[in-house]
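Chain lettering (A, B, C and D) follows the sequence in which the chains are written, and residue indices restart at 1 in each chain.
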């Protein structure tokens, strides 16, 4: 079934859906412009704006539900953004199941994280600025998912990049943070090149860049064109979603405050790539090669992320690794076409919940441990911070796919879809699940169980309510979210109008053979982790470890590779270029000037001051003249 | 009402008045200059509102015979392109005046303050004139005469290397200008119409060889002015040595005369030659984009760095001009305006920093963000506009240029895309080195922007953001003019691979 | 017939020219110039004879007068120089150069 | 007796009215001589100056009158052409002469007692007596008279005589500088010897052409070019040597060697007179020789002049770059400008083109004349202990010590450089466009390249004056005498007016050029 047709819409809550973006944007503007004056109440404003946006989203959602399934793709024209010769971009919002589910996730989880941050950033002098950036991010992210054309998406795309840059580098006095922020932006820019290129090709192919004007016509374009478009877009997606080969920035991004990691680098922004692929499904479906590449990227990343996760002692880095890996799953699913879209989005939302809850949990732990991130200095925290322990635990169970929890439904859905599509992919996905089981358990046990390995002078305590409540709410989501979305193909049916659907819906069964196999593999990983990190004592300094361990610790040498391939040559190129500019081009010019001056200096000497030599010159001049005259005259 | 003559007359009279201010009274001179520039701004806005985008090509036209013996007229008039560029100039001037309030009266230099400001006003008149001229000769006159005030602003009020930079700037431009003079003369005698009026010279030169030579004559002059790689090396010196205000006018407006000239004269007077040389020009532009960016990364002096970024940006503009598509043309024109604002803001902020710290070496700064958040913030915004972040006006123009170029020349456009990444590198790296990290001892006491400086920067930031989200007003003015230009070049308009008629079918399924 | 006179005048002219180039004493140099003028006179007269009109001869008279005037001015200058420098060598006076 | 009476000699017909400007000047010159002879020393100056100025102005008025009367013919049995170009040139020369005389009217410039040995007792006495050579005024008048006759001469004899009448007084005047007398005298001697040498060539050329054509009348020579055959060697030889004479006077390479030395050594007011008046007169003569006498020979001489023009431009521009003496630099710049002017001389073709080129040249000459006189006037005002501060280094920071003067000098320099809105620009434009129209585009390209080089050394002076800090105990700016001030303001005004509103003068030059030269 093709996706439903996109129709104009005006009035109603949907007509006012632009408020979703406008409110947080306004919040950001106020907080940034009023400066220190709004320090006291700034954070509240930020939260209010985010919540308001959430409310609007909910209202829009219900109005959308109210419409018939086939008319759930509404475009709200805002204004004539870019009228030019042949390119004429009208800025508008596309409200359909896909975009609204993202909007809900962003505003919902976003608001929770806003609230959490009140507590987390309580002691930071620049809290106001922090909330301004958070609001800015929410606005940009919403524009990304709500825009009805690729240019709007692109603007939001780089907008979230900016927000992420600002938030990663929020503690600017830390050079490491500044560097990480810059790295994130630049690596993302590489991806953005791809996205821009994709947009160019889309425009030159269809003469417009609105979804309505392009996606339905995808069939009319040649496979080659579609492949080109898809691969270009995929490059963009890789940048934003930290997929191999553009994954390197995500781990460094953990330099930012933990709520940022939760909101941007776990729950929302990094999933933008998945959104892009699903949104542009029409192109990918026309280009099987591109789809294959997507799935491969997905699998590679999910394994890479998992492996990295196994070796990290920094709790946030470990979680970042797992984020990479989970998004790998989503990518894999998104590469499977309509069969995978629903489950991909479902996993995305579920992941939004449990990963956010775990990040915030980690934040709560760090909060308790004086910002200590090294898990080897944790241990036995379960007893002192109960709520964190429970909520984190639920999230942990959800991600490893403990039966009936979110991850169980969504991830298995992906694995099964992959199996049907291609055995190899499927088994690799299972393997990934196993590793996930291992490293998440490792993380969980190292943090909350085993011997207390705290620094002296550390007195962990439960975090304040403003931080724990969001944890609780999120953990609820991470428990039931998956089941809610998957059972009865809810997500599938809901998304169908937006992304289309294959003829027969996938059959959902609570227990499947593949499910059991996966479960077994996960169990093995978890148990092994418990043996090594739960029961056995964890050394306070990391052992040297095998070659494999170092390989994983060094992020699979991703950075080393970038350095060798791009940074070093780049530095050389720069030096050479600067030298060439000064000595080469400028040298040439100055050299020419010098040459003329030199000639002049030497030529002056001819003017000896002896009158007879002047007479001589006249004499020869006359001779020359006569000679010349005869020559010319007798030609 | 002779709008344009008034626009030129007011600053000239203002300059005389400022020059006549008694010696001791610098403050009055400054206030007078500011007032005059604001009056000009107001007049320009008044004129702009009466401009009819759909109207005839040269509006507010005035034509008087100036030197009948040479067929020279005092002929002015504006189309959309000229209008926005004039607007750019008159917006920047008051900002520059306010920004360089204390630039001229450094204690060490015993230089006349009022001269500096009257020079600015003279320059303003000439900037308006050069864009308004619809007589090739008149354009040339302004084109050359403009050099002199700028020459003195750099030479008398610039940094340590000022006289070298000033002479380099003058000779480079003069050389190009003289080659153009030959072309102008040849154009006149070949056209044989005994007039220099631009409209009457369009399409007159038919002979392809002649076109090529004349094109080169004009083009080299403009390429030096713009500056296009490899004619660029004067710019870093000039921009780095000039006082911040002068640098803004130099890079922001004067250099635009080059790209404007390409769009107006090279394309329309010699269309065939322009098409013939397009591959060459596009290549140079792409080289300039990448090369300028890479060299910018390697700079240690912030003003030089900004200058090199401009070289990269001018690459984009020339590429857009010679792509000869409606989108690229509009984008290039818009780029000229936005680049003026963005680079202007960068230069001014750099000027503020240098004024405070007394050094233009990036390495002498660090952690400024902590002590001067507003300064750092605005600097970041300006920087982001320079790397053309979406939501800022520079993005719109760069996007248009790239997509417009892509319509006809895919590969150059793709290579140019890498400029996006490089831009991120040079801007963010500079920001990281100067603004972040632990606060350097030398800048511990660095004061944040004062009110005057905030007033200077605010409008620029506002314009960058405003036109970033709503470029329509500018584009509506520019588009018809660009179309007009392209029609006299007569290039085949771009058509998508999948015709729109297929939409019905596709949607129907 | 005329050619002999022309050759002679050419010779005289050349001698004068060479003289200007090789002699150091200002007076002599100047005399060489006079020699050149007289070579011209010879040519004029010869041509006048050939063409059978008087112009050439008249010109010769004019030239003599001019030459005389030149002598006056020339000697004046040379003498002042001689008085200041105590030398009439044209090579001594080369302060102005390069 | 009777036989003699039998021969009826009809008296030559002289149009005194048409020659009146020249006659007035020469008359005044002679009167000046008489004044020198018969009036007491203390009175002389107060008589000489009025005579000079009045006569020059009178001559100018007469020229204007002739112009209005529309005189266009060859006077005095066709030996003096009083045609459009001649009248324009007369007007220009007379104007510039008046201006220069205002400069000359400044004792401080001239030696008290030329005969006195420098540094000797009697020189000191002469100085203490405050005496001054008032002979300079008649000399100047004679020179000006020569200048008037030189470009108007319509046969080679008159031209030769005029050449000498113009040159001889200048030889003397060059030697009369008050300070740096050794240089001055050396300049005089060099100028004299080389001038005489070159005029010998001129005369020899005349002789040969006479031999070729049987007449020295320019028109007759032109006619004979068609009729006479088999005499080419005579013709070429003559034409070439004749060319040497005139090219020497305009200072074209390779005959430019005298210019720097003489300009530097001569008293600055005289330099001004030479750089403006002599150049104009010489160009007038040059045009007559090449366009009128050798008009039908252009296929031969155009290539030659191309070479000369290129050489002149390059030599002038390149050598000027490294000059350190302001006057010397201006001399080289004048050489370069000669080259620019030559580009229009070769641009002959149909009558229309010729008229265009001619008017261009006339305009250029006038514009350049004013600028150069003004520049030298400024030079006279920048002094230090030993007289004028010739060395460029002494000019450093002048812009701070006296902005106005430096500003005006900058104006002249910009005019030389041909920056728009100055007279120089339109001059350059006029000749270059004529050259392009005449098919000499390549020459014009050389021209612009060299003028770019030339711009460098003009700019360098500006840099010195404005951008570099003043040297300690730098030169003092002499409080300008009435005359000098007038000269500077006049020239500056002319430079600006011609640069902004050149149309009237262009029209004048055009109407003057329309009729071309009478034949």
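Keep in mind that, in the parts below, contacts are C-beta pairs under 8 Å (C-beta built on N, C-alpha and C of every residue); 3 or more make two chains touch, one makes a residue touch a chain.
Worth saying up front: this structure is predicted, and the values here are computed from it rather than measured.
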(message) Comparing chain centres built from Cα atoms against the global Cα centre, which chain wins on proximity?
(response) B
(request) Please find the two chains that have the most C-beta pairs touching each other. (result) A-B
(message) By mean C-alpha position, what chain is farthest away from chain D?
(response) A
(message) From the mean C-alpha coordinate of chain B to that of chain C, what's the distance rounded to whole Å?
(response) 66
(request) Please work out the Cα centroid separation of chain B and chain D, and write it as a whole number of Å. (result) 45
(request) Averaged over CA atoms, how far is the centre of chain A from the centre of chain C? Could you give it in whole Å? (result) 97
(request) For chain A and chain B, let me know how many angstrom lie between their CA-based centres, rounded off. (result) 36
(message) Using the touch definition from the top, which residues of chain A touch two or more other chains?
(response) 604, 607, 609, 611, 615
(request) Among the residues of chain D, pick out those that touch two or more other chains and give their numbers. (result) 189-190, 193, 197, 260-261, 456
(request) Could you list which residues of chain C touch at least two other chains? (result) 17, 20, 29, 90, 93-97
(message) Once the touch criterion is applied, which pairs of chains come out as touching?
(response) A-B, A-C, A-D, B-D, C-D
(request) Report the residues of chain A in contact with chain B in the complex, numbered from low to high. (result) 2, 5, 32, 35, 79-87, 151, 154-155, 157-159, 162, 165, 169, 172-175, 177-179, 181-182, 185-186, 189-190, 192-193, 196-197, 199-201, 203-208, 213, 216-221, 225, 570, 573-575, 577-578, 581, 585-586, 589
(request) Could you please specify the touching residues of chain B with respect to chain D in the complex? (result) 66-70, 110, 112, 140-142, 144-145, 147-148, 152, 155-156, 162-163, 166-167, 170-171, 174-175, 178-179, 181-182, 185-186, 188-189
(message) With touch defined as at the start, can you tell me which chain A residues reach chain D in the complex?
(response) 593, 596-597, 599-601, 603-604, 607, 609, 611, 613-615, 617-618, 620-622, 624-626, 628-630, 632-634
(request) Show which residues of chain D lie in contact with chain A when the two form their complex. (result) 189-190, 193-194, 197-198, 201, 232-233, 236-237, 239-241, 243-244, 247-248, 253-255, 257-258, 260-261, 299-301, 303-304, 307, 315, 318-323, 453, 456
(request) State the interface residues of chain C toward chain D in the complex, per the touch definition above. (result) 2, 6, 9, 13, 16-17, 20, 26, 29-30, 33, 36-37, 39-40, 43-44, 46-47, 50-51, 53, 55-56, 59, 62-63, 66, 69-70, 73-74, 76-78, 80-81, 83-85, 90, 93-97
